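This is the structure I have questions about; it appears just below.
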């Protein structure tokens, strides 16, 4: 096998180099056409690197460490595929639109951050690339520069930075616990169960990654951001970028050790999000928003799986969650890309495109023989047989419902020109994503040694997977037929509450400003100087 | 209680009374007059504290020159509507109380001197012969803490440039606005003709004597500056335009010589600002002489204010 | 020669310290004689030369791991004056020299004097004052005598005040007057302290003093008055009245030097006072009080910055807030319980340095925006990012450093401070640090989003901005970003000459 | 109580008087005056410390005395600069005050 | 001899001090500027003169010269300043 070192380095340096090349105006002009090439080295690294020997950058004092462990490799592989196809999709998509250069820069920033996070093996590089990912993603969200986009970007970056600061505290605390002076994530996770600050660190990690993963009530950024972002950007953000939080949870939380309290909290929050996303999503009309709520639901489900793993202290949960995530990466990516394709297609050619979209969409709910069904089989073990399993089934029903709602919404967005067809350069990347999303889960599933998992073609499993889908379809039909008016809930639901809070904040700010203005009067400052002198003198005297 | 202590107590009471009235009196002009008196009383206090060098400096600069500046400022600001709102009584009372507490703290510190009072006086007297000087204060200023003195000259120059920087752009390089007070009164002209020769001799004497008795560059320079200002105010001479090369040269002559001798000390005496053995006194006297000139010009120009008229060639 | 209790000696390269001080002095004197037309040329030679000297001093200290010292005139303290450069000094010296040099590059556009035939006011004043600031800062960093430090402090004030009102508008004059009077109040309080300390110990030499110092009324009063006086000069929160108008009203290059460099001088003196002159004398309650002031500076400064309508005022208030971070090192490292914990001090110094670079870059960017738009109303910034991409990029990078994202110097500084809060179990400061970072990101985001938005009406640029000015701003911003890399080694230099406490996290 | 202590107390009191004037008086000129008064008090403290440390043959410790001389010159320079500022401000506005925001809301800067 | 000198000193200095006292009272109590000036000049001339005269016997010859010079200089400046103030009063009226 090939040495890991140069491949890992190349995987990171290639997009970074493309990013730096953007400083040169000529390169910036052409960059949008070459976005698809940036993740190829990363994909190659996934294919060819077998061991997880780390790449260490920098002198011995404070180095950045990168390594390709199995969860990282799995996610990176599918994410790289999505980045490649979405990159190919983006270049025609951008044709003739403003801000192409900025899009390319933000795209490459987010891409570098994404690859870096998946590869990072120490906390500093993890934090660094997470920040890069956030900044790049924010740039992608505000691409269209509408008021809606700015608002979405502001909410995204605000929550993102809040999450990162929480994580930063957690990292600082973790760094203190690691024996020696290393900052490796593995050591940190190993040291966590015995740390004196264990509960605090775990709460910070859950809160931080939870915000990134869109757990209720921190999901408010998701619907707005995905709706505002251009289709290819929404695809990579909802597919690849958001998985950084899942990877973070898996890497930092000690899944091998049973931590029932934290696990219960995590599982409950995840399952609640899984249902909440469905319920709110059903009230939405715009396809991208529906997809975003589906993401809320799906991410909640994955978090729940991790939470169940923590309750049990079962280390294999990690891989199950990663498998589910990998499927979601590709499916969600394909669905977001289809939004753009359908919008460019006339009614006449609609059916050949809508059919695969519908299959993939319903696949997310667990349609047999799709990746979704496989993923459900994989996570079945960790979820166990209790209430969680019931909720999971409910979620599958709901997801089907939601996906049908999405398809229904999608149909209304077709091009007004009957004869229109999507440009080949738009069509083929979408088709390949769709194909990949059907094939890759199978490939991954088959790579698991025989006997570890039940046979997906067994009839009882087929029925178990089909039953929620059918139920969902029936429910959808009932809902559409008889329930005329679903309540309309604004996109980002509880963000409205946030808005109200935001109205109170200026009043406080004004009060502080007035107080500060008073303090800036000469005699007030003089009096405070004297008072300060006396106070400081008194404290020194008190010694 | 000896006569001396009665005198001291009376002096302190007077100083405090005058000081308080400087602050409390309503009219700015009266306050400045009070302040000049305060400066003079302080210099008596300095004599009582056996610091004649400081007394001279305080009288010349602290009272005299500062008083002159303030008087000029008050005279000029009379026409404009000066003043903002007075501060309310509660705030004043609070300030008063807090000030009293600060004073109490300081007083406690002053009332509790260390058991063994540390002093550098013997050390200074022991090392003074090496410099050839007789006045220990001059020794500290020009030998032991020469770096402070050098930097302080730079401070003076910077302050002067700062004052000049307040000129309008078009007046840069022109003459300071001292002419505002200039009046060709025959009596004043008489004084300006009679006094400067005496004053110049006196200033030079002060500088010269500073090496061994109280006096020195600052005091001498101040006297020279006062004479110069007198001549200008009497209208016998115009204030020089600030762009004049000779003026700039005089301003930096002292510091430059000081610095040069300091650098030479690096070569000849093995340390920056050290004097070669045996040459210390003549070098210091030379530095003092140059500094006296520079200080005189700098103080005079500081008092003259920023340029106001463009140079007329 | 009198025998001092602890003999200090001139070290091998101590002469460089003298050079660091007298180079600017020579520049000032020369500029006076040769006139303002040559001031820029003189500064153009002497400021880089000063940077060179600072770099050499830095390298010597770093490699030999020893402080450099020089005894002026061969007079041993307590009679004479020593110059002493320990790790803190050399790091600050280099950082400030770099910032000043880049500000010099930037200022060439506004205060260039090569082309004119007669001396003009603004260039003459600016360049002389810039050299004076560089000299005064060096003096503050390396002087080993408390009274010399007073003179240096005054030198700094006298150099800074005229820069505030260089354009002579009434409001800047007012700001300058406020600044001058308050700074004078601060320095006179400092002077009382030196008097009392001399009265108690018979010396003002820092090394000798630290050996003799003990708790008694005069020392207590001295410490209090000096500290509060320096607070006033540093514009620590309730005493910041002079800072916003002065820093926001000055010309861009002057704002940059005032905000980035000048306030660090008095801050450095406070650090000297509590860490070197009277280590261990700060009570726990006192340290908490200072920390509380810093914390209120962070919160209040940031909130008020968020509410500003003008860009330069926003940046000025951000300085008020960032100064607050510097004072968190006192509860974290200066009181007797935590004196051995050096990381917080390192973090604080790093914060000072990275704030210097980032803030200078931001003020320069704001100045360029002002020059090309003719105003700096934040709500009217639309389209400026497209007109001046490099400038807004520099502003953004500076903002990222202030927020504290990796790999910037601000990140490393905050990391160290956060670690110190954990190690000393004072979580309340961590909350403040985090909240400050979030508020900072809010106003940086607001400015950037306005700048990237579309203009309400087609943008007309008042003046073309020279490329090198943008490059200078960007250079400083990049520097602030790359400062995080000092963790790879140069950060050790901060420990040179410190008694103990190697870096816990890099051991 | 000896003479030195008496003058020391006088210096302390002058510091208080100066601080009070500097803080409460709204006129810049009077503030400058108060600053000088305050300075006089501080210098007196130096003198007291010098006098306290007198030894045989010398009326006082010359080191603080020399420092006072330096400080007096610095204070004069500061006064000159402050007065020049006040006068220029008066010329520009016709009104010399440093409390632009006397209304207390701090909108003095925003007027421009 | 020295006793005579001492008595002379005491008398002269006391008389000088008396003049100062009278002058100060006059300065405070007189109604307008010109009369106040009148009081002041008396102090300058006679008060200081008497004090210098009284001190002369107590000093060495060099210091005596210095004392006389001081008196002369004060005479000169006092006279000139009085002239100036009086002139100003005549021009602008006595409002100060």
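Note that the chains are named A, B, C, D and E in the order they appear, and that numbering of residues resets to 1 at the start of each chain.
Methods note: a contact is a pair of C-beta atoms (placed from the backbone, for glycine too) under 8 Å apart; a residue touches a chain by one contact, two chains touch by 3 or more.
Quantities reported herein were computed from a predicted structural model and do not represent experimental measurements.
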Practice problem: Starting at chain B, find the fewest moves between touching chains needed to arrive at chain D. | Solution: 1
Self-check item: Longest centre-to-centre distance from chain D, chain (CA-based)
Solution: A
Quiz item: What is the identifier of the chain with the smallest separation between its Cα mean and the overall Cα mean?
Solution: C
Practice problem: Average the CA atoms of each chain to get its centre, and name the chain whose centre is farthest from that of chain E. | Solution: A
Quiz item: Out of A-D and C-D, which chain pair has the most contact pairs?
Solution: C-D
Quiz item: Centre to centre, by mean C-alpha position, how many angstrom separate chain C and chain D?
Solution: 26
Quiz item: How big is the gap, in whole Å, between where the Cα atoms of chain C centre and where those of chain E centre?
Solution: 56
Exercise. Using mean C-alpha positions as chain centres, tell me how far chain B is from chain E in Å, no decimals.
Key: 27
Quiz prompt | Separation of mean Cα positions, chain C and chain A [Å, integer] | solution = 41
Exercise. Find every residue in chain D that makes contact with two or more other chains and list them.
Key: 15, 19, 22-24, 26, 32, 39, 45, 48, 52-53, 63, 67, 70, 74-75, 77-78, 81, 85-86, 88, 98-99, 102
Quiz item: Of all residues in chain C, which are in touch with two or more distinct other chains?
Solution: 79, 147, 151, 154, 158, 161, 165, 168, 173, 178, 185, 192, 196, 199, 202, 220-221, 224, 244
Quiz item: Considering every pair of chains, which are in touch?
Solution: A-B, A-C, A-D, B-C, B-D, B-E, C-D
Quiz prompt | Residue ranges of chain B in contact with chain D within the complex | solution = 4-5, 8-9, 12, 15-16, 19-20, 22-23, 28, 31-32, 35, 38-39, 42, 45-46, 48-51, 53-54, 57-58, 61-62, 65-66, 69-70, 72-74, 76-77, 80-87, 91-92, 95-96, 99-100, 102-103, 106-107, 110-111, 113, 117-122, 124-125, 136-137, 139-141, 144-145, 148-149, 152, 155-156, 158-160, 162-163, 166, 216, 218, 299, 302-303, 305-306
Quiz item: How about chain B: which of its residues touch chain C in the complex?
Solution: 105-106, 108-110, 112-114, 117-120, 123-124, 126-127, 143-148, 150-152, 154-155, 157-159, 161-162, 164-169, 172-173, 243, 245, 248-249, 251-252, 255-256, 259, 262-263, 265-266, 269-275
Quiz item: If you look only at chain D, which of its residues touch chain C in the complex?
Solution: 15, 22, 28, 31-32, 35, 38-39, 42, 45-46, 48-49, 52-53, 63-64, 67, 70-71, 74-75, 77-78, 81-82, 85-86, 88-89, 92-93, 98, 100, 108-112
Quiz item: Taking the complex as given, what residues does chain A use to touch chain D?
Solution: 513-514, 516-518, 520-523, 526-527, 529-530
Quiz item: Which of the residues in chain D come into contact with chain A in the complex?
Solution: 19, 22-24, 26, 98-99, 101-102, 104-107
